[in-house]
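As written, the chains take the letters A, B, C, D and E, and residue 1 is the first residue of each chain.
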């Protein structure tokens, strides 16, 4: 049965990694590109097979045991894979989107000298991502979890000779690690609470537990911290915008479509646990909402095309967490899927633009590219509409599902979230307008060289554009006459899902958001096309709010001042004062004291016989005194 | 008895050989005499003979005789080219050393206070002279006079002690004294106690235990190196044998009484010896202080009296003797090359003389008490012995001192291996080679397989 | 006469010896002339001799007196050696002051 | 008369020995020492140790003291030119000595042995008796002390002989 | 079979002798000897039954009167350390190929001599033998570090030596005490296990032993000898010290501390574990701002060892097994790190981080292998470091949650300082100095490849190693807990 061959899905990309890694300097670029892409395609094909087989199978949960990894006392950690609806659909996304981005990369990275390295890293990333998705226990998931972090590190720092890129890579890794510690501690809690780390042993036990259990709440909180790191939530989100230092396909694949959604995947996977911790769910909702709004506000004023997209990603991830927080696991996961489509698309389009402009990323130097890059423009338009949430594009359905649940959960939150959605529409269209409309603002010399990207790049764009447009079909709500296939599909995994609002309310909610989005677009249109407004240069004065937004709320600077600098100062203090002066000082002063004692004591040996004899007599007298006293 | 006669006769023969200018024959005669006495030691093993009620040649005496004779043999081997440069009275030197050895044999086998006294004095008088045989050398003069004045002074206390014990017991015989103690345990004459203390003082002086150690560094430094070798190895061993015979056997019933002062002496000795050695710039003087500290460790055997005490002293003394002989032998060679005995003279020695440096290193490791050398076994036995009575604090104190010891013993190793210096190449005469090899083999053998010596006595 | 004189308590002999012994010690402590120091040492030895004799008589045991004989032998030997050392030192330093002997120190 | 002779002689011994250590001229010291030794001889006689009295007289006063005097004269030290130790040192020395005597005698608890010294055997100190002892049980040390004397002899010669170098 | 153990212990000694006499060919002779030893060790692993029993036992009377026997044997715990020693020594020798040390025969002979001492430590079942090995391993490393070390070597090594020996002397004190308590008057480990000491006695013994082991590992605050010594030592010396020697301390705790004084551990173990955890955080933080790469790795080693120590004192299977595999992993990783730094410094004559940069451009192979080693060190899942740290953390976690949280900071801090170092050395622009850098080749490449292979293989399939020690570890913990319950 094809499901039993699931180990092939990650293995094949691994083989690709090994071949490309070893042959990175010897194989030709076309061969590397072919190998790199085709292994993913094979994986994709198998994934499709698995998906279909699973759909046909009555048993929706298959655990495929490979080998024992760690055995220590009560702790058993096998390397085994879990194929269930959730992982099966993730497989499709990871391999499918991954394949498209591989194809795209062939064109995008064509002139880069690290071509072979790049493909091997991408293959490795897919391997780890698949491990993350397929793992049947938290530890295998954690391998993938950290593995994708590693690949993220490698790919952000792909152009490592630029040390700020290398720093961005390091930052990404370290921030992820902060979350990972939370994850790990959560796993420890799980192990001590349930005696296992395997999903198949944990969830049945958790299902019998009552909500409000403190341990469960702690587990949920720790897992959530892990998810925060990986999925760039407040306060660990600053690495993601910096991660745009990597090549654009990387941004599309890792920092938009797949890796950053791992946190959502993990929480969705553990939904039974989170259901038992309503308080933590609330926290998740608040964090998600805050992230969504903060990132959206920052995105309003960014001028780097990739940064806009990055903050938009953070914002969208915030929505997903908001969904998770209000119990709309299906909605959140639905948004993961649609977001994978449209955000990958947007990034790839941005990449296409950047490619065409020879690595120009500043929107202030773009403009009027609509004619020159028609395919890119159209696809990007589709992506923008999708993310803005206009029906019938995919983003509309997923976002509205989340918002509907939020509405039921808390009206105020809904209000804020909807406002965030309007902001999304505004900054996305701002980006689109600044890039493709108006006049080209770069040098004339550069303008002549602008050309549409090669086929290998445009085809993935088109495919993704189609998916972005129609992807929503898998989750059309009943209110709109659909049957929400996705939630049915996921129902074996996600048992509990929030109540849906009645249809009338749903219609109103939809209407509000659609109207609001349209108004936002109109405002953007007015500002950036009618008034031809161009974002000010870095030095220009801004209003307080704009300044905050432009400087990303100074979060990096705050971290610097609150964490990095104090830590460095403590480090120097520990090293120079505590270690060298106190701890070592005590040790040294013992030696020093002995030496000084020696210096002093040897003076007794004055060379004078009279003194010697006197000292002897003193000794004799004291001994005799002892005798006298002891009798 | 045979042993003393052999040694004395050898001394006399040497003296006469000197008269007849038979310089070349001196060393062979001496060596033959010593070897014969060694053979006597071997043959009288386990016979436990008593001579005139004055000397008891039990295994204790024989074992210590063996070690001291062997040590003296090595010292004689080191005389090659040593005295020739200064003087033509080699025969007299040889005679005096042999006389001193005779005194030592008496010291290790006495059964009567008078023998102890005679033995100590024969040895001391010879050493007073030997320390001063570099007549025109100021340091040698000073060493001799200092040693003499302080030695005579301390003899007074030793005699006073003997007198008081005699007054209390009416006898000089060790056995009688011991029986007196056992018999009148409740009514021991009050004169006895200060007598014991005064004897403790007198003997502490002889072995160089603080605070009666003041002569040691000055005399060791000032005396000719070879004589220092003799003093710090053979003489010291003999002093401990004498100490042990008296305190571990005869005065054993009063252990509770003399233990506290002894512990005080041990602690002061360890502290002063080790700590003062730390700052020395002169290798010879450092060895003098190290010998003080070793006196402290050796006195451990008296802190806890057990069946093994004397054997422990034997092992320790053997370890110490052979390691010290190596150190002094190398020192003599270095001094002959460089003209001084500072640590600096050893700088870079290992480059041109790797084997000599290795041997000296092993000797230093042994003195410091690193496992797989005899010195470790010695220290271990001492600690073990004292720990048996759970005098843990004392052992801990000794361990701290041993730690200080590592510093100064390693100073010479550091100088030889790690410092750049005048790359002298030592000429190692054949006899020196023999001494070095023998000593190092013994040091290592006892370190790896001490079983042979553990139950000797 | 001797018969009449007997009856001196033993502890008076001890007192006497101890005092003379201590006078010897004080001499060693306070004088700088090596020869005088040496004489003080002889004083100490004689104090011991006296005490030994007294004990010998008290215990009615001749061995004490024999021991005194040995001590005298030692004294003779020591004087011979000691004085020759002093003479030797004097030849080098033109002095018998022990404070001159302080080159070996520390 | 009783035991007063002893006390008289003892007082003389103490006085003269004090003179020994306090007289500035070393030659005077030697002379006082001779007198002191003479008082000791008297003590020996009082104890009926005639042999010792004679030996003491001969060996100490006859040989040893003459040797001292001889050396003093030889080295021309018969002046009181000894640089004296400072007063403080002397005081300290005397105090130390007093402490010594106090502790020494105190530790003896001398009062505890107050029984008088009584000569039970009048022949005890006579030559014949001592000879038997000396050549009987103490023969070995007696013979061995020859080594002592011999080595002292060799040493004295060795040290005082002028080198030819 | 028992001859195998004797061969294992004494072959290096023979090798040392031959090496010392073989002049310029010394390094080859030493390598051959080390590889043969490795062969023996592997043969031993093959013949080893992974249960709790002690195998390959040799027991000869040595110093009969003192109750000292040449009693050695191997159980799962020893097997790991034997493996560690015999795998790393050939690597270290091979890693020294790139240097031309003066009097190299002595250098390599000392390494092999030390190997013997280490193997005695790791197999001894007689406390005295253990002590002998303990000291015998110290002397060669002292000479290696002090003869072939950096310019400050004399002072630094003297401190190292005296510090270490101070600890071991107190251990000796404890051993003698146990010997005297033992009615059979011998040093047999089993007899020591069977002693019934009261809590006070156990407390004292605990400290006497713990200080010795803590200095060796080193655990905060006994660590100050370590950074200087690592920095000043020659590369091989640093590798020996960090790779193998500090495991002596860990092994000592497992073999000679826990089972002998369980009550002492119960009473004082929390102090040890707290010190260890303090060490983790403290050393990690110090490592942040180190300017010298070798010193940085030295501090990182303190942090890593602190975690191992904490895991052991947590006294559960996970922690102990974690310690087992982490001993191996840390050995491999730290040798790798120091080797990379040695390659850098032997080419550029500096280890100052600020002077380096951009080496990856010049030496991609070095950069990639170094990255793998760094990943192993920061415990990325899939590398050997993760298995150990994960088990250790879960072990500590079961002991106390907050300690685990602080100990867990190592995975964040480790990433910070390691990647910072990696970035500043390997990444960024090449400068005038690093432009001359040439990529690794020959023996260097072999060593790096082997280390990377070990890192990944152990990370992906640690089961054989875990199995090797599992039974013994279980047995040990049962032994300790049984003794505790029987007391209470």
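Quick notes on this one:
In this text, a residue touches a chain if its C-beta (ideal position, glycine included) is under 8 Å from a C-beta of that chain, and two chains touch if they have at least 3 such contacts.
All figures in this text were calculated on a predicted structure; none of them were measured in a lab.
Annotation of subunit D and subunit E: jointly contacted by A, B, touch as defined at the top.
Seen from the Cα centre of subunit C, the chain whose own Cα centre is farthest off is A. Across all inter-chain contacts, the pair with the most C-beta pairs is C-D.
Distances between chain centres, each the mean of the C-alpha atoms, put A farthest from subunit D.
Among the chains present, the centre nearest to the common Cα mean is that of E.
Subunit C and subunit D, compared by their mean Cα positions, are separated by 5 Å.
For the pair subunit B and subunit C, the distance between mean C-alpha positions equals 27 Å.
Rounded to a whole number, the gap between the C-alpha centres of subunit A and subunit D is 103 angstrom. Separating the CA-averaged centres of subunit A and subunit C is a span of 98 Å.
Of all residues in subunit B, those touching 2 or more other chains are 114, 117-118, 121, 125, 128-129, 132, 135-136, 146, 149, 153, 164, 190-191, 193-194, 197, 217-218, 407, listed in ascending order.
Those residues of subunit C in touch with two or more other chains are numbered 10, 14, 21, 24-25, 28-29, 32, 38, 58, 63, 66, 70, 74, 77-78, 81, 85-86, 88, 98-99, 101, 103-105.
Annotation for subunit D: residues 85, 89, 92-93, 96-97, 100, 104, 107-109, 112-113, 137-138, 141, 145, 148, 151-152, 155, 159 touch two or more other chains. You'll find the chains touch as A-B, A-C, A-D, A-E, B-C, B-D, B-E, C-D. Interface residues of subunit A facing subunit C in the complex, by the touch rule stated above, are 602-603, 605-610, 613-614, 617.
Residue ranges of subunit B in contact with subunit C, taken from their complex: 113-114, 117-118, 121, 125, 128-129, 132, 135-136, 138-139, 141-146, 148-149, 152-153, 155-156, 159-160, 162-164, 166-167, 170-172, 191, 217-219, 221-222. Interface residues of subunit E facing subunit A in the complex, by the touch rule stated above, are 159, 162-163, 220-221, 223-225, 282, 285-290, 316-318, 321-322, 357-358, 360-361, 375, 380-382, 386-387, 390-391, 393-394, 397-398, 404-405, 408-409, 411-412, 415-416, 419-420, 423, 426-430, 461-463, 466-467, 470, 474. Residues of subunit A touching subunit B in their complex: 594-595, 597-599, 601-602, 604-605, 607, 609, 612-613, 615-616, 618-620, 623-624, 626-627, 630-631.
Residue ranges of subunit E in contact with subunit B, taken from their complex: 62-66, 103, 131-132, 135-136, 139, 143, 146-147, 153-154, 158, 161-162, 165-166, 169-170, 172-173, 176-177, 179-180.
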